[in-house]
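Comments concern the structure below.
Naming follows writing order (A, B, C and D), and every chain is counted from residue 1.
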Amino acid sequence: MVPDSPLYGLLAEFKGLDQLIQASEKMREKGYRRMDAYSPFPSEDLNEAIGHHTNPLAKFVFCGGLIGVISGFSMEYFASVIHYPWRIGGKPLNSWPAFIPIAYECMILGAALTAVFGMFILNGLPMHYHPVFNIPEFEKASKDGFFLSIEAQDKQFNLAETKAFLQSLGPVAVHEVPQ
Amino acid sequence: MAASPQAPLLEPGQTYGSVTDKISGIVLTKNTPITWFIIFTCAFALLMMMLGSISWLLIKGIGVWGVNIPVGWGFAIVNFVWWIGIGHAGTLISAILFLLHQTWRNSINRFAEAMTLFAVACAGLFPLLHVGRPWRAYWLFPYPNTMSMWPQFRSPLMWDVFAVSTYATVSALFWFVGLVPDVAAMRDRAKNPIAQRFYGILAMGWRNSAKHWNVHDTASLLLAGLATPLVLSVHSVVSFDFAISIVPGWHTTIFPPYFVAGAIYSGFAMVLTLMIPFRKLYHMEALITERHIDNMAKVMLATGLMVAYGYLMEAILCWYNGSQYEVGMFFSRIKGPYWPAYWALILCNIVIPQVLWWKKNRLNTLVLWGVSIVVNIGMWLERFVIVVISLHRDFVPSSWGIYHPTFWDLSLFIGTMGFFLTLLFLFIRFIPAISIFETRHLLHESEHHKDGVHGS
Amino acid sequence: MNDTFEPSTNFKELPILKKPEEKVYWRSMDELADSAEFRTYLETEFPSKHDTWLDPVSRRDFLKVMGASLGLMMFTACRRPLEKIFPVNEAPENQIPGKPVFYATALAFGGLAQGVIVETHEGRPTKIEGNPAHPDSLGATDVFTQAAILDMYDPDRSQSVVHRGVVSSLDSFVRALTPELAVQKQTQGASFRIVSEVTSSPSLLAQRAAFLKAYPKAQWIQYEPLGRYNALQGAKLAFGDFLEARLNVEKADVIVSLDSNFLDEGPAKLRYAREFAAGRQLTDGRTTMNRLYVVEPCPSITGSTADHRLALRASDIESFARELARALNVSDVAAGGALSPEARKWVNVVAADLSRSRGSSLIVAGDEQPPVVHALAHAMNQALGNAGRTVSYASSPVAESATGWQDMQQLVKDMEEKRVDLLLFVGGNPIYDLPVDVELARYMNRVQFVARLGLHENETSNLSHWHVPQAHALESWNDVRALDGTITIAQPMIEPLYGGKTPQEFIALVLENAHSAHDLLKDYWKKESRVALFDSFWQQSLHDGIVSHTALATHQPNVRSGFAKEFSAIKGDVEIVFRPDPTIWDGRFANNAWLQELPKPISKLTWDNAAYLSPAMAKRLNVENGDLVSLNYKGRTLDVPVWITPGHADQSLSITLGYGRTKAGRVGDQHGFNAYMLRTSDAPYFDGGLTVTKKGGSYKLVATQTHHSMEGREIVRAATLAEYKSDPKFSYRKTDWPEESETLYDTAPKLDEETGWGLTIDMNGCTGCNACIIACQSENNISTVGKDQVSRGREMHWIRVDNYFEGSTDNPEMLHQPVTCMHCENAPCEPVCPVGATSHTAEGLNQMVYNRCVGTRYCSNNCPYKVRRYNFFQYADDSTEQFKFMRNPDVTVRSRGVMEKCTYCVQRIQEVKIEAMKTDREIKDGEIMTACQSACPTRVITFGNIRDKKSRVAQLKNEPRNYAMLGDLGVRPRTTYLAKVRNVNPEI
Amino acid sequence: MAQIFSRNSNPLSRLLIALVIFTVLGGLGLITAVYRSPYMNRVGVPPEQPVPFSHKHHVQQLGIDCRFCHTSVENSSFAGIPSAKTCMTCHSQMWTNAQVLEPVREAFRTNQPVPWVRVHHLPEFVYFNHSVHIAKGVACTTCHGPVDHMEMLYQHSTLWMSWCLQCHRHPEKFVGAKAAVFQSNWIDSRTQDLNMNIDLAKAELPDGNSLQTPEDIRKALVKHRKIPNAMSMTECYVCHR
């Protein structure tokens, strides 16, 4: 880490989830927005508190599935009815009941792919470098640590004040996070 | 079920830290248990045998197997269906139980999902190898070509191609999504720089932030929602390979449900077969408690009964439709040249598992382990009965024949087991076999459950 | 794993014009024959099992090039004989490359002619058809004739003159022979013997006369192990002369066969089978049919076709014949031995039935029965006034061979006493197939000079000083008579592959007037024919395949009496019966893979013979199929596996000759058991005094069909004539014919309205002779797979003849059913193919595209008739040059991992369709014939356009007996069957 | 824990992902391109021949008819390759001692074939029949291209199954006047239309003169010659047996 580099923001560590939740709520009341909270397991209350509790993934997935099923069936239809029709066992060219399974699988595939890649994109992953990793204690975030970060970009942000306010929320420690 | 006041899902006295360290410890430890090396070596040897018999098959042709006319499908298809079926338990545990908020799944789903992947990998080999000209197998995929030819989409085998490949892809992605937070944890625990980078790259910079968790939860939920119908469809499609045909003993509408039930049955059996030794080997009693074992045993018993119902229905339907070919096929099952296979199947899948009615048997891991193995055998026999017995005596008596598996049939089958175990043991060695973050979550909830804040 | 499947190391890409970087040019057969690769080809495993990752090597490019070469070479370098020959449709000089040319010729079998028409492509014979103009073919062929094509290309044929095992040359042979001849001239050939196969060739017999003139004290013996000596001697007994009985089966209403397999054995079997079927055809409103009684020990094709069959020990046939003759008041016939009550009843019933139809009945004696039975048959026919009506007599074209059996014994005696110095074998294999007590082999070394002319270097060549390669019939100029004497001038299709000599050429060397066979023959006929315009006579004869007006005159001899005065019964309670093998005859076809793999008509065994016995006898011996038993007979022992045969006479054990060859070639060696080791000169066909003991241990016998019960399913439908008359539609089931409307798929593309191919098989005429199987194999380049693969259920025949038993196991009814691809309109195989390798044409063909097939075998699983065949290995031998020449260029050779099946001979359909399209004309009914159809002796297979109501096949499908096998599955098969009708006699 | 990855690892990883996607797609594209290139199917690449025979010279300049050498094209599946004799009919008179013709003379003397290199090569499982195509009015040049402009003969068409199917699905786009099948003006000078001699076609049709556009004429020709419909013409057995 480079101490004299410009500041990314502040990172406050808390004792437990409940404290983190309260702190996050306080910060929001204070008008801070560009924050994020870190906990070793998902917690809807925390998401509520910090304000990350909605996302558009479901809509994307729906579209993905729709594209999948349509392209799947139209491929089958084009192949067996339009492009090269064969007489097969006295069955119609457009044997749509027989086309259902493949169309169905295509739908699932389309939807699932959207879900996974949507997740990564919405989370801005991969992002192997992130300032918060500069703080050695942050390692606990994937074990039993509960953190709250405020970015310097936040218009409310003022190093001294913010730090002081954070201190008032009873954290275990507050770190300055370099870029 | 999670809320019921019975044996806990976690031994008391666990903390976020302790569970994290315990699980990641398995992977990050310097000293791998010697048993791991022993089993891995055996598995690897078998894998080599598989490669050997595959090469022989490719050099010589399908004829090295016992298949013939009328029995055009032999071990290859039997094993394919068997492996696919085994795979299904993983998806079921991770997806369906997830949707049903069965929190007890948490400590076993990672393991089960991994099992799914590897089972599907084994299964996927067989359709490819059993075609006469594997070097032409790409014709099974629709792609623009200079022949302006297309696959024939009415064929259940085409449905298989799509179903199985979709299934493999989706399970792999689902598994990876669940894995990301844990490899992040590994990244943070790892001391050795190579390990750090390895897990670091896999973790893709996961930060456990509320933002991440939020989207991650949605994604998991959606994937579970997709995987559930997928797993049901896959084994239905596999059953269509038979149900769509006109062969007596294949041409029946009960196949889809009863194949799915059978798949889950064999899947859970396989989970137990692997989980029980694993639990012992890595002293995971704290995380994989008797409760898990008991629940899985119950699921096995239930699905076992469904399968039994399936067999009964087959007999009744065959009597009911009264077709002489169906009746003939049924009698060739119970007293034809392959009668031992049929009766052994009844013994393994219906009679023996009834011991699971008694709790003490369910909790006696040794008994349970034995039963689970028996069920695995039984389910393999079921596929053998369906594939071979139905084919060997169909409509025209002059063409009746007999199928003798050859050495290469067996070696390939056993070889895939080696393939499966090799992958599994690599997984156990390098990837947290139990979902860490879900265990933490479970711990958190159970604590709040004690002071009655939350319930699940 | 079986070791017959080791990849052959010397795989060579065909010489073809393909890509610039791999220019290899094929010029002519002899260049090829001399090349080193060619020699190595001959070493390759056969049937060669060659694995390749490639699709079949470009066989047809090779032929395209051959076509090109022909154009380039103006036919001179290709192995067409330089002599002018005259094809059926056009002369070679205006032969069109890429188009087949057809030539008429004849193959000799047992010395008598089978008239054929041979299809040749660019000078290579590829397919044999019957010659409709020939009296003993009538357009049909039998299995041996069909398989001759493979014999000709057999890579194991002898390639060069051999002297004491060392390759030599014809010149040195002649040089060695000349002094010997000189010596003989002094002694008038006193110690000079020639042993040839039976022959009716006028030119060869003329040479024989010339030979005997030059060497008055010499002998020329005509010997065949299964020569029809009994028939000739029987005629001698009855008429005092070697006459041939010529049957007119069609005219006969009641036929009694005394152990005669006349539908499948003998020179005129094809004609007899045709007439027999015609005599019981129930189509076009006919309701009368002939009735066939068969009395025989072991089930034969004739027996299985009979309306009534009595299983009687061969030794009791004579007694039966005597009783029957007495019942028909034939004068002074001594009574035979005691008969079973059943047999007695038979005598009375049959006699009554015969006398009801005097003049229109027929009694036939089997070639395996002693002369007296034949004489009795002649006497009975005369007594019934059949002579001149259903049977007529003429002198035999092979009369000169009548004493061959005894002559051979005399020859060996002479050799033993050193009275033979110069011995020439012209074909044949006496070392192997002489009776065991005629010890030729033992005294061979007492002869100074032994030479043999033969197709293969076989057991006899081994013990001869010289071996000279013989030209195959398809490579030879020859003339040969049919049973009725009609002469065919046989022309070669190709010059001898290995420079073989014809018998005429060989004898010419002896007579020291060496000429080419062509000149010899032409000169002979110039003298014989005495026609003004010889050239036009010659051309006409070659073109037609027969020389007109050469049939021998018939006459009405009187049967002498008193030949049957005394009767001597055969001792011993268990009898042994020797029979010709239905697929390899006396062993001469042992190296023919097609015939080895062809299932025996009744047992369905392949690649082996066995001891056939009745279920009852098997129970007493406590043996199963394949268990080894020891046969003790006249102090000799042979261990053979048994095959339990329902309908076999009890206390009788029959075994076929021709197996157990030791020097047949790579295909024929070490298969089966050599029954000649038990056969003695005094009892050539059967004898009592056999003791059978279970030996313990067993031998792997391989049959293509193991289950002979129909399990109550209506696969083959049959009724009696009475039932048929009362209900002509007895085989009709409504469920077999689902209405067009009975479908969920009414939007399916409709099939063509003008043309729809279909096939019918009239079970009433099918004798189960297997001719269709080999015809199909030859036409469609079907591979043989070897015993091991057959045992795994992987035989490749596109058409099979199923054989079902009904009724008691002691004497069941037997039903033969040929099964082709049914070309179902709703074919179950089609929807399950993932790559669309099998689909349907508008004209109703279920097409199978080999080059698209990936080999999932799903189609075969879903085929209710199980007519699809699969290349589990690289069965097609793509490394042996000869087979590339042999194959039909119009049919793709299937590679490993590919499904194949009957196509209704689509290549023939396409050929005709294209010709018709070119001139926008209609295709005539009967213009397209499938291979099985054109081979069928009884003409029960009919192919054609079912949409054309006037076509024969459409009419047959309207017959009341028409039924669809497994029609209730709703697959709407295009191949349908006409149910079988038996003309039973209620009194039995 | 300290940073494992440097600051610029983020753009790097994104770049990497993009790269992977690109290589996969690009790779597939490349394979397809190569497979369909003349390098693979030899279209337009004249092979080395033992004798530098010029179709241009013989057809265009000397005006020799196709059938003079390819004798069996009208009645056999195989068009026929001329024998040395055919060559010598003229070359015994002209160019009698031209070095290039030595192989031909040698072949004529020794009765051995001239080792021509096959230009149009079909797989052995494809059964193509020249005569019926000629009979239905598919001109030589429709498939063999401007042979009369070829110094050295090369393969004009891909001979892919898809290529065959074009015509078997839409014969009305390809058939021409029967009288013109052997004409080498493979582009009609006036209509600039492929193998379509309007006048001859009209002459051939009963109601020829009532028709105007080449399209109509071709449709009429297809009907007139009873060429089956697309679905029958694209059945497997038409070409594979």
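In the analysis below, contacts are C-beta pairs under 8 Å (C-beta built on N, C-alpha and C of every residue); 3 or more make two chains touch, one makes a residue touch a chain.
The model shown is predicted, which means the values in this text are computed figures rather than measured ones.
Undergrad: Return the chain pair with more inter-chain C-beta contacts, choosing between A-C and A-D.
TA: Between A-C and A-D, the larger count of C-beta pairs in contact belongs to A-C.
Undergrad: Please work out the Cα centroid separation of subunit A and subunit C, and write it as a whole number of Å.
TA: Computed value for the inter-centroid distance: 81 Å.
Undergrad: Roughly how far is subunit A from subunit D, centre to centre by C-alpha average, rounded to an integer in Å?
TA: Result: the chain centres lie 58 Å from each other.
Undergrad: Taking the mean of the C-alpha atoms as each chain's centre, how many Å separate subunit C from subunit D?
TA: Spacing between the chain centres: roughly 47 Å.
Undergrad: Could you put a whole-Å number on the gap between the CA centroids of subunit A and subunit B?
TA: 30
Undergrad: If I count partner chains per residue in subunit D, which residues reach a count of at least 2?
TA: 1, 4-5, 10, 13, 165, 231, in rising order.
Undergrad: Among the residues of subunit B, which are close enough to touch at least two other chains?
TA: 148-152, 154, 158, 187-188, 200, 204-205
Undergrad: List, in ascending order, every residue of subunit A touching at least 2 other chains.
TA: 84-89, 91, 95, 98, 126-129, 133, 139
Undergrad: Make each chain a node and each touching pair an edge, then name the shape: line, ring, star, complete, other.
TA: complete
Undergrad: Contact residues on subunit D for subunit C in the complex?
TA: 47-48, 71-72, 75-78, 80-85, 107, 111-118, 121, 123-125, 127, 129, 131-132, 135-136, 225-226, 231-232, 235-238, 240-241
Undergrad: For subunit D, which residues are in contact with subunit B within the complex?
TA: Touching subunit B from subunit D are residues 1, 4-5, 10, 13, 35-36, 158, 160-163, 165.
Undergrad: Would you pull the subunit B residues touching subunit A in the complex into a rising list?
TA: Within the complex, subunit B contacts subunit A at residues 15-17, 20-21, 142, 148-154, 158-159, 162-163, 166, 169-170, 173-174, 176-177, 180-181, 184-185, 187-189, 200-201, 204-219, 222-223, 226-227, 229-230, 233, 237, 240, 437-438, 440-441, 444.
Undergrad: Which residues of subunit C touch subunit A in their complex?
TA: Touching subunit A: residues 743, 745, 747-749, 751, 825-831, 836, 839-842, 972 of subunit C.
Undergrad: List the residues on subunit C that touch subunit B in their complex, please.
TA: 1, 5, 7, 51, 53, 705-713, 715, 789, 792-794, 800, 802-804, 817, 819, 828, 831-836, 839, 852-858, 860-862, 864-866, 868-874, 895-899, 965-966, 969
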